[in-house]
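The following blocks contain the structures, represented as structure tokens.
In the two assemblies presented below, subunit A is common to both, partnered first by subunit B and then by subunit C.
Take a look at the complex of A and B:
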């Protein structure tokens, strides 16, 4: 029983890692631009397909493919900022609808480029860390966990200790006041979009060999990310990370002891509960919506 | 008098229309009629300013209810369709207790979550919802004779007449609601909710009313669909379908009654005629996505804005 709990706990840590990478990016974009990016799940998908194209089909080393995924998806983010979110800055609903349009385009391009079938990606490493007979952690999952810890620490340092980070937080708090202080709203939006999208791409690229990669994989990712940012409090990065952990633990345990569909229902019900009881979430203060 | 003549001409045109179309085009006509009801009922909901992402799932509630009742109890199909609408309205009423604690983006996400929960419940409970495979062999509309003509509702043309009649009736009711004092209050709730509240309007009650009525009509649309296609499953009512409804509404525009209907007709023609002819059906999401983006960027007033330019200035609203 202890072993089962330990194993499920490890699975939950892995789940929390990639979910928090996705959710933190979503929160950053929302915080700085006030736009809810529905295409975020598809950015994750795009990152996974970069790994398919480079690592699985062209035998580029895995970590170079992952880096390429981060940069490529970050650039997609810049494209979205420039072509969609900037012209629609005064129209949050418009930005949201435009991101739905972008999502459909990305999905369709993935279908045209790779087909709807599940992609086969050769495992990066077969190594497994064995804590005991029944408690094991595949090293490929460890990569995701390490990446999440490193990237989130870097982001935290960037936001709290650098001038660009201060500018970013200032624009998130009050765009007009920030602009009056000489902070370029366009520049902070670009940085936020690149980081936010890049994190989703990184998470997708790293977990590509571990999950089933299809053009429609973004749907469950975005649903999960929404649950996490609502529970954590929209606009709160710490909340998003904490909520990722809570969600991953609840979801993994319900999946292990009952079944996957019930776990999905539990997650959504958790979100509805938070929306009803405390719409600002566990940590949220922002009410830009 | 002039209006009566126009309406009679429109009705005659609709009766004659299937004669000029192929079998598959007649089928498209049935779906078009159902989608017009769906998008028009969605507009009633948006009148109060809230954009729901659960509308298609609510439509599914009507479809499942009618399909299950006609099969299990042997309910007469047209009655089943009405009961489907009522059930959808009731579910919406129950959901309204949760959802109308939220506004704006929170409402959007809350409606999305509750819709997904309903869909997952259909998937989880094989009894009675049939799980992921859904329901098959749904009762078809029984034949109906009016003396000189016998309607066989497996024929798309016959089912189109039936659907068009039901949809026209529903649209008329929706139109009357919007033009009634209740409809004007919906507008007030959208544009001036604090003022409306200060004037003694129970804002939440009106939001709930719009939500329940709109959902009822969506349920009827769902039941009409179920009895025509014969099989439904949780994926028939997925978010992708919801995105299509959103696209019709946004491309058409939601300020006028006819806006979403124009959007639905134009995009259906584009989709079924142009894309199918060119063999580009695979790229449908791509083209819909591009249209959605372009119309939000360059045509924020929707197609109705273009129509209004050419119409003589009528009532300014």
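Take a look at the complex of A and C:
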């Protein structure tokens, strides 16, 4: 039983890692730009397909492919900001609808470019860290965990200790006041979008060898991300990370000890519970709810 | 002309009745062929989406089959020879699309026979089949019921064939005594779960817990595999998981250190599975679908013509794409062609009667019987022997052919029990 709990815990830590990268990206975009990016799951998918195109098909070293995934998807984010969200800045609902359209475009492009079959990606490494006979952590999953820790730490430092970070936080708190202080709304939006999209792309790129890569793989991750940001508090980065951990632990343990369908239901029930008890989420505030 | 007499004889009621008859006649499919026509066969299966591995390769195989048949003069009916071609419709494993596709294939394309994967899509096509009387085939006998007499399952006998793998395993590896199982929660997975449970019980292999049913949208299988391995089973059964699930599950089994026996209905693209795990890990993996370059398919009892040559041609055109269904739809076409030539027509009722004459048929893997009344309510499944395949030194090898009817004669009560428990008997389906 101890080994089962430990292995399940390791599975949950991996789940929390990639979910937090996606969820934090989504929160950042919403926090700064006030728009719900429904195409965020497809940005995750796009990062995975960069790895397919470079690592699986062209034998580019994996970590270079991952870096390319982060940058490519970050640039996709900039494209979305410039072409979709900036023109619709005064119309959040319009931005949401536009993101749904972009979601379909990305899916269609993936189908056209790669087909709809699951991509078979060679393993990055087959090394496994063995804590015991039944408690094992594949090194490929460790990469995801380490990337999440490093990138989230860097983001935290960036937001708290750099001028660009302060500008982002100011824009998220009060865009008009920030503009009056000379902070460029467009510049902060671009930074937020690049980082937010880049995080989703990074999560997808790192996860590509570990999950089924298909053009529709973004669907389940966006649902998870929405649950997480609602539980954590819309607009709260700390809440997104904590909620990612809570969700991943609950989902993984329920899947392991009961079944995956019940785990999905439990996740939704958790979201409903938070909405009823604390509608702003664990770390959310009223003005961001 | 006496206009008043005409009006008296041709009342409004007569007009409406005549119009209705004419309309019905126009709506019904036409089964007669004119000289020079090509016989069109409908291919209604998922060509895209997560289940495409059980549709698209079959169409590729059919096209090779059509070329071979046409090169030999085509299909010989009573009134001449006809070339054959396939008209495909991608139902994306969606019942609504299957209904649309069936209607289009029959009414617009004028097909003489429709082949389907079946499963979740059959309920969509079933009303069309019943309304038109068209002959349909499915790879899944679990679709059969007395409601649709023109649905046949003459090739794959999913999930019944899985009993042969378990039976062989129990006889050849008697030291394996415990098993766990997982499956996607859908109409492909559930009847297979029931059949594997019956097979394990018949073999005296203990199931360690209920089968683990997962949501088809699952992408991370680590928690599922952790759960499967928690009781330290001898055997992990992957049921009829889609190829998109078999691969990540096997990778997780490898990464979580499983060293026991794996059994699965399918192992599509097993060469990629070996690349992702290791040759040693995949050694002894048991499944049910051979590569057709296997020398065992040259035996006299095999009814698939030039199996090795077919495999070579397929592999040349579609390298690395050979899968479970690459040959199955073509095997159905062999049966249909023989029956149509025997009947001298493509008319569905006549073809079906010719196919089922004497209650026997020439299945790809040998002589077989039209079977299934107890399980499916109708004897429309062609059932005989089925191969047990094992991966040895990185290659799929047929270990033995085993008789499904023989297994059923001994253990039918177990199969019915488990089918009923999972609501998979024909009388339980809505």
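As a working rule, the second predicted complex is superposed on the first by the 285 of 289 C-alpha atoms of A that agree within 3 Å, B and C clash if a C-alpha of one lies under 4 Å from a C-alpha of the other, contacts with A are read in each partner's own complex, and residues count from 1 in each chain.
Throughout what follows, a contact is a pair of C-beta atoms (placed from the backbone, for glycine too) under 8 Å apart; a residue touches a chain by one contact, two chains touch by 3 or more.
Predicted model, so just to flag it, every value in this text is computed and none were measured.
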For A:7 in the superposed arrangement: first (subunit B), second (subunit C), both or neither?
second
In the superposed arrangement, which partner chain does A:133 touch: subunit B (first), subunit C (second), both, or neither?
second
Does the superposition put A:123 against subunit B (first), subunit C (second), both, or neither?
second
Answer with first, second, both or neither: which of subunit B and subunit C does A:100 touch in the superposed model?
first
First (subunit B), second (subunit C), both or neither touched by A:219:
both
Go through the superposed model and pick first if A:109 touches only subunit B, second if only subunit C, both, or neither.
first
Quick check for you: in the superposed arrangement, does A:230 touch first (subunit B), second (subunit C), both or neither?
first
After the superposition on A, what does A:276 contact: first (subunit B), second (subunit C), both or neither?
first
So, A:264: does it touch subunit B (first), subunit C (second), both, or neither?
both
Using the superposition on A, tell me which residues of subunit A are in contact with subunit B and, in the other complex, with subunit C.
111, 219, 259, 261, 264
Per the contact definition, I'd like the list of subunit A residues that touch subunit B in the complex.
36, 84, 87-88, 91-94, 96-98, 100-105, 107-109, 111-112, 219, 223, 226-227, 230, 234, 259, 261-262, 264-265, 268-269, 271-272, 275-276, 279, 289
Footprint of subunit C on subunit A - complex, ascending
4, 7-8, 11, 14-15, 111, 115-118, 120, 122-123, 126, 128, 130, 133-134, 136, 138, 141, 210-212, 214, 217, 219-221, 251-252, 255-257, 259-261, 263-264
Provide the residue numbers of subunit B that touch subunit A in the complex, in ascending order.
51, 98, 101-102, 104-106, 108-110, 112-114, 116-117, 120-121, 123-124, 239, 243, 246, 250, 282-286, 288-293, 296-297, 300
What does subunit C use to touch subunit A in their complex?
48-50, 52-53, 185, 212-215, 217-220, 222-224, 226-227, 229-230, 243-245, 247-248, 251, 254-257, 269, 272, 275-278
